[in-house]
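Across the two complexes that follow, chain A remains constant while its partner is chain B and subsequently chain C.
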Partner chain A sequence: MPQRLRTTLYYAALWLVSLIFFAPVAWIILSSFKTRNDILATPPKLIFSPTFENYVDLFTRSTFMLQLINSVFLSLAAVILAVFVSFLAAFCFSRFKPKGTDFLMFLLLSIRMLPGPAVIMPVYLMYVAFGWKDNHIGLIFFYAMFSIPFSVWILKGFLDGVSTRFDETGRVNGGSWFHVIFKVVLPQVKPGLIAAFIFNLIFVWNEFLFNFIIGGVSTQNIPYALAVGAYADGGLNWTFIATLTSIYIVPPVLFIYFFQKYLLVGMTFGTVRGEV
Partner chain B sequence: MSTNSISRALDNRKFLVFALLAPVLAFFIVFNTIPTLWLLGLSFHKFSLISGTPPEFFGIRNFQDIFFNKNNIWGDLRRTFLFVVVGVSIQTVLGVLLGFLFWGSKDMPGRRVALTLLFTPMVLTPIATGTFFRFIYDPTFGALNFLLSGLFGTGVIDFLGNPSIAYWAVLAVDCWMWTPFMTLMTLAALGSVPKAELEAAEIDRLSWPQRVSMVIWHHGKFILMLGILLRTIDAFKTLDLIIPMTKGGPGQTTRLVAVELNKQSFESFNMGWSSAVSVLLLLISIAMTSIFIYILNRRRKAG
Partner chain C sequence: MPAVELINVSKTFGKKKALDNVSLAVEEGSFTVMCGPPKAGKSLIFRILVGLETADEGRILLSGRDITDEPASRRNIGYVPQSFALYPHMSVFDNIAYPLHLAGAPREEVARKVDATVAMLSITHLVKKTPDQLSGGEKQRVAVARGLMKDAAVFVLDDPLVGLDYKLRERLMDEMKQLCEELRTTFFYATSDSLEALTLAQSFIVLDDGRVVEKADVLSLYAEPQHVRSLELVGFPKANVLQATSAGGAVDLAGLKLAGPDGLAAGAVLAGIRPEDVRLDHSQALKTEGTVQIIEHLGSEIVVYLDVGGSPVTAAFAADGVVPPDLDSRIPVSVDPSRIMLFETASGRLLGRGRAGGAVHG
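Right, the complex of A and B next:
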């Protein structure tokens, strides 16, 4: 077989694999342009006259805007807060190695290893006792706490890679610690900050259980809407589900397209570095 | 304090260490340490939110109940264990194969788009994934039934309603979501093999199995192990994928431990019992974290 044909076949096979993995998602996006009857048709219709009615319906739903705004607001606020405090802590762990650093890093990680209900159950009791339930601030603080372990791990990995000579030079030249931390070191770990930011954002954007348990009607986000609002007319409201899912997946998919080089570091707590 | 006195205070090393750590520690003490201690305490109590009575000291009764399989908790753990072992094995084998397949694709046109499509399943919220797979699995209008009947002439299969199939149908979705992750890890592992050694192996005319066992495995094993471990931990927590698909049913067939814990805590409000189960899971997750960090340290030592 000539080399070119072989390469073409090889690439075609790779594309096929990618498309097979994407097919279920594509099917949902396709379904969002169908009328209710077309969605429930047997056999399933591949060819149909597309309609934007579902999108119009969704955007005129009174709760949709609230859910969208909540999703954006909760994830941005929590992640900005988390990445900022995590950067300070990671700098401290990386440079000063205070007693118990290893233990604290271990504790941080173990929180992310615990099943969700076990994490949220005592927090739920606390929130109920203090009346913090269904409150944006309460939810943002909890999400920030939950985003910290991941951010500290990623950022410490990156900070360990920045030579301490930079700090020393900055200090010798009369710079304050404030100057060294924010003006000298921070710009050098920008990739780490971006990775921590993006992957925490995806996490909070996707988060359902905590929103459902310690949030409530006024803090509901899109996954909450998908889980709770899916029923209508005595059955599952497939047009609503397909349309909402199609809108909600846009940010994560765009993120992994534009920030593909951070995907590895983001999916492994910063423990594996490299590009794919 | 003026800016000047702040920067002078920051010169004190001890104060600086404390100032940098304080925000994270505050978050942890309030939202994690205190709740966890509360959890530990509650696990020795009988406490139901529905009865409205205050927690009643119970000694180790909850743990005894766990040991003697109250509420079929060992069944949940067994199903979870099987879910983890079978799921992670399939994902690892498929993921590694796909990783090798994608290894030589650096110059592929549209590679970035193709990889985005491939990696999409793992960044979707399991709630959405579970919901739309319920749509795809549906016995009357689902696409999968139509596809299978057309290709293999199978009759109508009720994937999520049939007790002997539901578990595997849910597991298949988990594999769909996470095989790309193992592909990603395999690509990273292969990327960590030095080019020079691969070229040397090619010049020495090593066969493929030899190349894998002598060159690639030596460099790639740690990254692959970290990947498997992260998957193991994550599969152990599986919950929001199951909620929209089966809610643990039919019967108890897809009731994993996190699903049941969720139900006991937030539907039946058995807080004492749930705390005891949570403590058990906490111990398991601490053990898994230790293994993860152990492998991480070995990798550092190996360079």
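Right, the complex of A and C next:
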């Protein structure tokens, strides 16, 4: 077989696989521009007259803006809090090496492996007992708590890669600890901070279970809206699902597009850090 | 008043005594070199001095003021660490200006001082670059520039030339010396390189295994080392230190007999001989033979590595009009007994010089 043909076949196969995986996403995005009848038509309509009716409907729903704002606010607030706390914690682990650091790091990582449903009952009872249910601050703290272990773990790897000689130079030249932490060390672990930020952002953005159980009407986010609003008029509300999903996937896609190199660094735990 | 004074400083890591009762003083306006083998505690002394480590015991004085309990950020010492530790996220200019920025110096003053210093170190063309674009020697000069930015009473440089290639070291040594003369401040410099130490030092502090073994100016340290470590560290090629035994006031050096200094106790002693005192003829009193193993031509000098009765001996002589011996040949070797320095084996202290006539007693 000539080389050219082989290359062509190879890429054709790759494209085919990609397209198969991308098909559901394409279907949902296309559907958001179709009328309900077009969505349900058999055979599926590839050629249709696009409509923005669904988007107009969605934006005029009374709860949509609340859900969107909640999603954005909860994600950003929880993740900023988590990354800030994790950075300071990781700095201490990396620089002062308290007794049992290795064991604590292992513990942090294993906590991350714990599935959410395993703790949903005690957390629910706790939140009800303390009156934190359906409360933004309560949810933000929960999400931050859930994000911190893994972030500490990632960031410690990055901080270990920043020589303590830098800290010392800062101190010898008259810098305070605050200066050393935020002006000397922090700029050098930016890729790690961004990686931790994106990982956690994706987690909180996609979080449904805890929002549903320990959140409530005032804290409802987009996954909550998708679950609750999927059924309407005795059937699946396809136009709503398609439109909301299309909007829902935009922020993570944009984030990942702009920060993909940091994401790679984060996934390899800083081992290819030099290339950023 | 000394610019820097350490009084009875000790530091222990686990069970290892890293610094053992170190007392030293660096005179104001001097270029003092602290010399010692690797791991002798040079860096540790500097780290204690600038405040990055705390001493278990002892006091540290800076221009007569006790700074033992002051945090690093408040001690006014310019420090060039062994690793350059240039901030990768800052330009060269910002790296150099860093101590001034931290001190909150006004913009014009920063620019003026940085400009003057980079001109002095001829790195003006580098200020807009980032540290990762620099070569080793350039980084080194930037680190020195940053260390000099502070309006400090004393500048501490921890083996800043280590790991640089030979040519660069030589050039930077000259620059450093010039810098010291221009700035007229106190320099406290650590190195384990003999040539570097000799080139730069006005006065020497020799460190061995966490102890100060000798303090002297450069000429007397070379001529009359008071400790075997000083003899070994200062001078190139490295001095010969041979095992010998003494009995009844006479010393037996591999079969050669010489008289020891008065009051020499019996036992093992170390005999130190500078390579330039080893003659490859029988012109001196102590005569023996050796086998030539390696010959190095250093241009003005020839260094011959010999095997004398199983002990390695180095000889060095001016190359001027001399025909070097053949490899593997047996050649005459002789030493003037008064050029042999005898040291106590246990403490390394100088006992005195040898004298002719040991054979009479022995």
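Rule of thumb we're sticking to: the second predicted complex is superposed on the first by the 244 of 276 C-alpha atoms of A that agree within 3 Å, B and C clash if a C-alpha of one lies under 4 Å from a C-alpha of the other, contacts with A are read in each partner's own complex, and residues count from 1 in each chain.
Here is the rule we go by: a residue touches a chain if its C-beta (ideal position, glycine included) is under 8 Å from a C-beta of that chain, and two chains touch if they have at least 3 such contacts.
Just so it is clear, the model here is predicted, and its values are computed rather than measured.
Peer 1: Based on the superposed arrangement around chain A, label chain B with chain C as either clash or fit.
Peer 2: Here chain B and chain C can both sit on chain A without a clash.
Peer 1: Nearest 10 degrees is fine: what angle do the Cα centroids of chain B and chain C make about that of chain A?
Peer 2: So the angle at the centre of chain A is 90 degrees.
Peer 1: Contact-wise, after the overlay, does A:204 reach chain B, chain C, both or neither (first, second, both, neither)?
Peer 2: neither
Peer 1: Tell me which touches more residues of chain A here: chain C or chain B.
Peer 2: Between chain B and chain C, B touches the greater number of residues in chain A.
Peer 1: With the two structures laid over each other on chain A, which partner does A:184 touch: chain B (first), chain C (second), both, or neither?
Peer 2: second
Peer 1: One more residue to check, A:174. First (chain B), second (chain C), both or neither?
Peer 2: The answer is second: A:174 touches chain C but not chain B.
Peer 1: For A:163, decide between first (touching chain B), second (touching chain C), both and neither.
Peer 2: The answer is second: A:163 touches chain C but not chain B.
Peer 1: So, does A:193 touch the first partner chain B, the second partner chain C, both, or neither?
Peer 2: So A:193 meets neither chain B nor chain C here.
Peer 1: Closest pair of CA atoms, one in chain B and one in chain C, after superposing: how far apart in Å?
Peer 2: Across the overlay, chain B reaches chain C at a minimum of 7 Å between C-alpha atoms.
Peer 1: Identify the residues of chain A that lie in both the chain B contact region and the chain C contact region.
Peer 2: 176
Peer 1: Could you please specify the touching residues of chain A with respect to chain B in the complex?
Peer 2: Of all residues in chain A, those touching chain B are 10-11, 13-15, 17-19, 21-22, 24-25, 27-28, 31, 39-44, 85-86, 88-89, 91-92, 96, 98, 106-111, 113-118, 121-126, 141-142, 144-145, 148, 152, 176-178, 202, 205-209, 213, 223, 226-227, 230, 236, 238, 241-242, 245, 248-249, 252-253, 255-257, 260, 263-264, 267-269, 271-272, 274-276.
Peer 1: Within the complex, which stretch of chain B touches chain A?
Peer 2: Residue positions touching the partner: 6-7, 10-11, 13, 16-17, 19-21, 23-24, 27-28, 30-32, 34-36, 38-39, 42, 98, 101-102, 104-105, 108-110, 112-128, 131-136, 140-143, 146, 176, 179-181, 184-185, 187-188, 191-192, 223, 226-227, 230, 233, 236-237, 239-240, 243-244, 257-258, 261-262, 265-266, 271, 274-275, 277-278, 281-282, 285-286, 288-290, 292-293, 296.
Peer 1: Which of the residues in chain A end up touching chain C in this complex?
Peer 2: So the residues of chain A touching chain C come out as 163, 165-166, 168-176, 179, 184, 187-188.
Peer 1: Which residues of chain C touch chain A in the complex?
Peer 2: 50-52, 71-75, 77, 79, 81, 83, 85, 87-89, 98-99, 102-103, 146, 150
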